[in-house]
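Common to both upcoming complexes is subunit A, partnered first by subunit B, then by subunit C.
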Partner chain A sequence: MRTAAVDWRLAAPLGIVYLALFAAPLLLLLGISLHSDQDLQQWGVDNWVKFWSDAFYRGVVWDTLRLGLAAVLATSLFAWPLAVFFCASSARTQKILLFIILLPLLTSVVIRTFAWIVILAREGLINQAVLALGLSATPLRLLQTETGLILALMQIEMPLMLLPLISVMRGLDPNLLDASRALGAGHWRSFFRVILPLSLPGWIAGATLVFASACTAFISQSVIGGARLVYLPSLIWQQAMVVYDWPFAAVCSVTLLFTVLAGVMMLNWLGRYARTD
Partner chain B sequence: MNGVTHSYGNARAVDDVTLEVKAGELVALLGPSGCGKTTLLRIVAGFIRQSAGQVVIGDRAIDDLPPNMREVGIVFQNYALFPHMTVAENIAYGLVARGVNKADQRARVAEMLATVRMEGFADRKPRQLSGGQQQRIALARALAIQPRILLLDEPFAALDKNLRLDMQIEIKRLQQQFGLTAILVTHDQEEAMSIADRIAVMNRGKIEQLGSPIAIYDEPATPFVNSFIGSSNILDGVVEDGRIRLSVGATLPCSLQNLPQGRPVQVSIRPEQLMLVREAAPDRFPVTLTLSLPIGGQLIHDVAAADGTTIKVATARHPGAVSSLSGTWHCALTPEAKPSVFPLPPT
Partner chain C sequence: MNQRKSFADQSYSFVFGGLTLLGLLILIGPVFIVLITSFTTSASLRFPPPELSLRWYQALFDSARSAHIHRAAGNSLWVASMATLGASILSVFAALAIGRSRKPAARALEAAFLSPLILPSLAYGLATLMFFALLGLRPSLTHLIGGHLVVIAPFIFRTTLATITQLDPALIESSASLGAGRFMTFRRITLPLIAPGIFAGAFLAFVASMDNVPVSLFLSNARTDMLPIRMWGMMESTLDVRVAAVSGVLILVILVLMFVMDRLTGLTRRMSG
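Presenting the complex of A and B:
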């Protein structure tokens, strides 16, 4: 009983902060979403009905989910090979690589996002290269497209995927890979049968972070996606700050929260199957 | 292995090693920590590309083959079983990689489980097995692919003493049953002596001596091998008229020819090659007994020579054995003793 009391008190400071700054506003938000008029006079579920009966808004939810999944997919595709390379490198190379991986975290999201505009724009780096190489006669349209946004998110979110993946992979017994090779498995089989399943816990941690972060990346979504691409965060901003329809903005917010939560829970559920020990 | 050399940076881990392992033979690589045993094994398995020299299996040089094409079985010190697979999946891993069909896989897995006496464990995960059981599965996994040579890197190091003996017997049994060609890395000399057909004693990346356990024990080629294998008494002496005069005060016949007069030598005499007697003689030297300890079937005596050198003498523990510490004893060679003589550089 004594230890339980001590445990509780240790968690109390953060608990109280969370209660005041997170749980309370969340309840408030839920309360606001349950009003049917903008002056918050009348209770009702009208705004929930309005949101979920409109195909446009349902599309926004779906697009947001898809963006998160696409970011997870894109980061995984590049992070896994890089993590394998990282673990096979010498200690010196690892230091340099780690610095490069962490670099994006050392610059502000706003700056990184604007840098991507320079890269993706009509006269940007990619298009100059594509035109110079003659791969296309006209400049590609990258800004304000999902492709461009996923490309930018991939770089911006990459450290979140790489760091947990590398830390799990570095803990793997190198003899496992050697054993697999000696038993006659080539590089690909060794990767898919041994390295991949054993590094899944790291991937799930990374994927959870990337998914949550990409779904809610308001700055990147609105700067690179522009007005043409609407995701839940920009919808919330628009409803709350432009239209001043707070109940509807609250509905969007709660929906975003549960959308992200659903994705995270799905990944955790996958994680139970990835238990490797 | 032909003149195999490997350097990490500019440190030579393996230095010009030439070693031939015959078919069906178990050779132990024995040496102190850091002498390059693991490196040599990893070169054979193909995980490390040697800086120079050649590895040949059968009559084919395999230096350019990647590890997965070498048909080499390897058992690691920590077993390295795949933790996410069941025992059966672990054993079948090499078969799947070879595209063996499902029915044959199952038959082979059952056969291997029977071979290592682990029937009924097929569906367990490695973490549900004890150390010795994991060891058996690692062995079964390596043997399932019918490797041309089996490499064992200190396979018993993590096992406790009793289990170690069981596994040593097990490996010897399997090796003889299937006529396996195997290289066993160890730094435990007793292990090497008991299960190897031949022992290669390594030191600082070089093979100091290659021979049968008995030859290595009885006729060590270098002082290093002598001190590494078994325990022995090292006595200083000089060559005099074709005989050796020991500093402890005895003269022994010299087993080496052509040593110049006055050449300093070291003579190594194993404890069991000495006995304690009451009578003096020119080839005996006086000692005082300080301690007698019964160890197993033997009595180990700690004795001091006149010049202070301490010497160990082992005698059988029979009723008439030395019992009194008091009085003067003389140390004599047993009739069958063949002390090793190592010439030192002339002074």
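Presenting the complex of A and C:
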């Protein structure tokens, strides 16, 4: 019974909608990127050459990749201790913690970005604290810097890292940790030798989501990063909606698609490498 | 030796405890900062606010001054409702189609139906804009519903599929052996059992559609404005404090919905695997 056949009649409606509204537009995007002129009359790879021969655009790809990796590292720093704490908590505390994790996740990205304007602005929370403590005589510039953006993305993406990590760590046998402790390993050693390697599949799943989400976080990048910091999403938007250069915008989009895909594959490869170690 | 070990353990507690506390603060703090800021009397986003008032909520609910926001909110609600309804029906069928199969075809279909989750939806958003424009269609809410449907369907498909695979096949067999037809079995046995999974997924899908930026960014225009895009515009041009008031309303709605959905479907349990 478990290996019942696929009922194609039931799968067809969603399948047809996906073919028409998902596969077809993406194929079209690829096709448009292979046009040389904005009227879409001439086929050619001119726009691909234009993108990849320009150091500025290559820099944008690199910056986008770096931003995604920075977000993964920043979220990991807090996610592991939080996940360890979660698993050690009582059922009652776990329920409260889940609400704390889910509330920001379900709150719009626009709202979370807005919160970080209030926190990072010249008159914002951080600057008031810095001035009050006398750490600096003048307000720090945090908006429109990469540091500010990574800080905001860390908070915005953290639930995406936490949920898979917690889900894997909850499935671990608690005896393993007890055994490690009983054999004389300290907390640090138990964490790095037992918890960390065993929870790696959860981390990979979370890191994939955080990476993909941070690379494409258009609103956060444009509002907190400002016009000076250019990443692939804002480049796509500008080319498509301001310059109206569709073939070039399509090249940027396909590049974003493959950039994210490359990052995701790298993370998965890392996971497989770590497991066979 | 003993001394050193306890020092190491102390440093562990200190570092992990500190990171946990800071992490919790970072997670939940911004939500409260927005809530408190929305009650400010001032026209700046200074935090903490000098005095508290309902000034910006009054401005937000003033139908003359905030007509644009109201229209965007109405559009977002309509699109989210229709896209969720459509995605629910299609995804439940799709999940039923492969739910009890372990064949390679089922695995491939599952991956295909989940693929919008991993693909950068910004690229998809631009693709839909070009697609509808080249078909000669003028921007409309219907296109937004179509684009949102594709992006949010995986949420419902995933939760429904998870509940179907946990279903005891004996229930369905006994229903059939007692003479119930396929439709009867579905309506009286399968559907009630998988309903919590469908509702949990539909809730997540609805929220995802309400928050969607990548698709709305390209498919909406002045007439078909969507709430997140309108809020982004308000944040980019002048720092309009009404954004805080809109956020306040949305946060309260989400809080209420979370409690309701948790009661109905065990949402929090479902989301932590």
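Everything that follows uses one rule, which is that the second predicted complex is superposed on the first by the 260 of 277 C-alpha atoms of A that agree within 3 Å, B and C clash if a C-alpha of one lies under 4 Å from a C-alpha of the other, contacts with A are read in each partner's own complex, and residues count from 1 in each chain.
We adopt the following convention: a residue touches a chain if its C-beta (ideal position, glycine included) is under 8 Å from a C-beta of that chain, and two chains touch if they have at least 3 such contacts.
Bear in mind the structure is a predicted one, so any value in this text is a computation, not a measurement.
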Quick one: subunit B and subunit C on subunit A, clash or fit?
fit
Applying the touch criterion given at the start, work out whether A:G186 contacts subunit B, subunit C, both or neither, answering first, second, both or neither.
both
With subunit A at the apex, the angle to the CA centres of subunit B and subunit C, rounded to a multiple of 10 degrees, reads 80
Return first, second, both or neither, reflecting whether A:Y57 touches subunit B, subunit C, both chains, or no partner chain.
neither
Please determine whether it is subunit B or subunit C that touches the greater number of subunit A residues.
C
For A:W48, decide between first (touching subunit B), second (touching subunit C), both and neither.
neither
Partner chain in contact with A:D173 - subunit B first, subunit C second, else both or neither:
first
Touched partner set for A:F211, first subunit B, second subunit C, both or neither:
neither
Looking at the overlay, what does A:L198 touch: subunit B (first), subunit C (second), both, or neither?
first
In Å, how small is the closest CA gap from subunit B to subunit C once the two complexes are overlaid?
6
Take the contacts of subunit A with subunit B and those with subunit C, and give the residues found in both.
186
So, in the complex, the side of subunit B touching subunit A is made of residues 42, 45-47, 66-74, 76, 78, 80, 82-84, 93-94, 97-98, 125, 127, 141-142, 145
Subunit A residues within the subunit C interface of the complex
1-11, 13-15, 17-18, 21-22, 24-26, 28-29, 32, 77-79, 81-82, 84-85, 95, 97-104, 106-119, 121, 123-125, 128, 154-155, 158-159, 163-164, 166-168, 170-171, 186-188, 191, 208, 212, 215-216, 218-219, 222-223, 233, 236-237, 240-241, 246, 249-250, 253-254, 256-257, 260, 264
What part of subunit A is in contact with subunit B in the complex they form?
173, 175-176, 178-186, 189, 193-194, 197-198, 276-277
The answer for subunit C against subunit A in the complex is residues 5, 8-9, 11-13, 15-17, 19-20, 22-24, 26-28, 30-31, 33-34, 37, 44-47, 89-91, 93-94, 96-98, 100-103, 105-106, 109, 112-113, 116, 118-124, 126-131, 134, 146-147, 149-150, 153, 157, 169, 173, 207, 210-211, 213-214, 217-218, 228, 231-232, 235-236, 239, 243-244, 247, 250-251, 254-255, 258, 267-268, 271-273
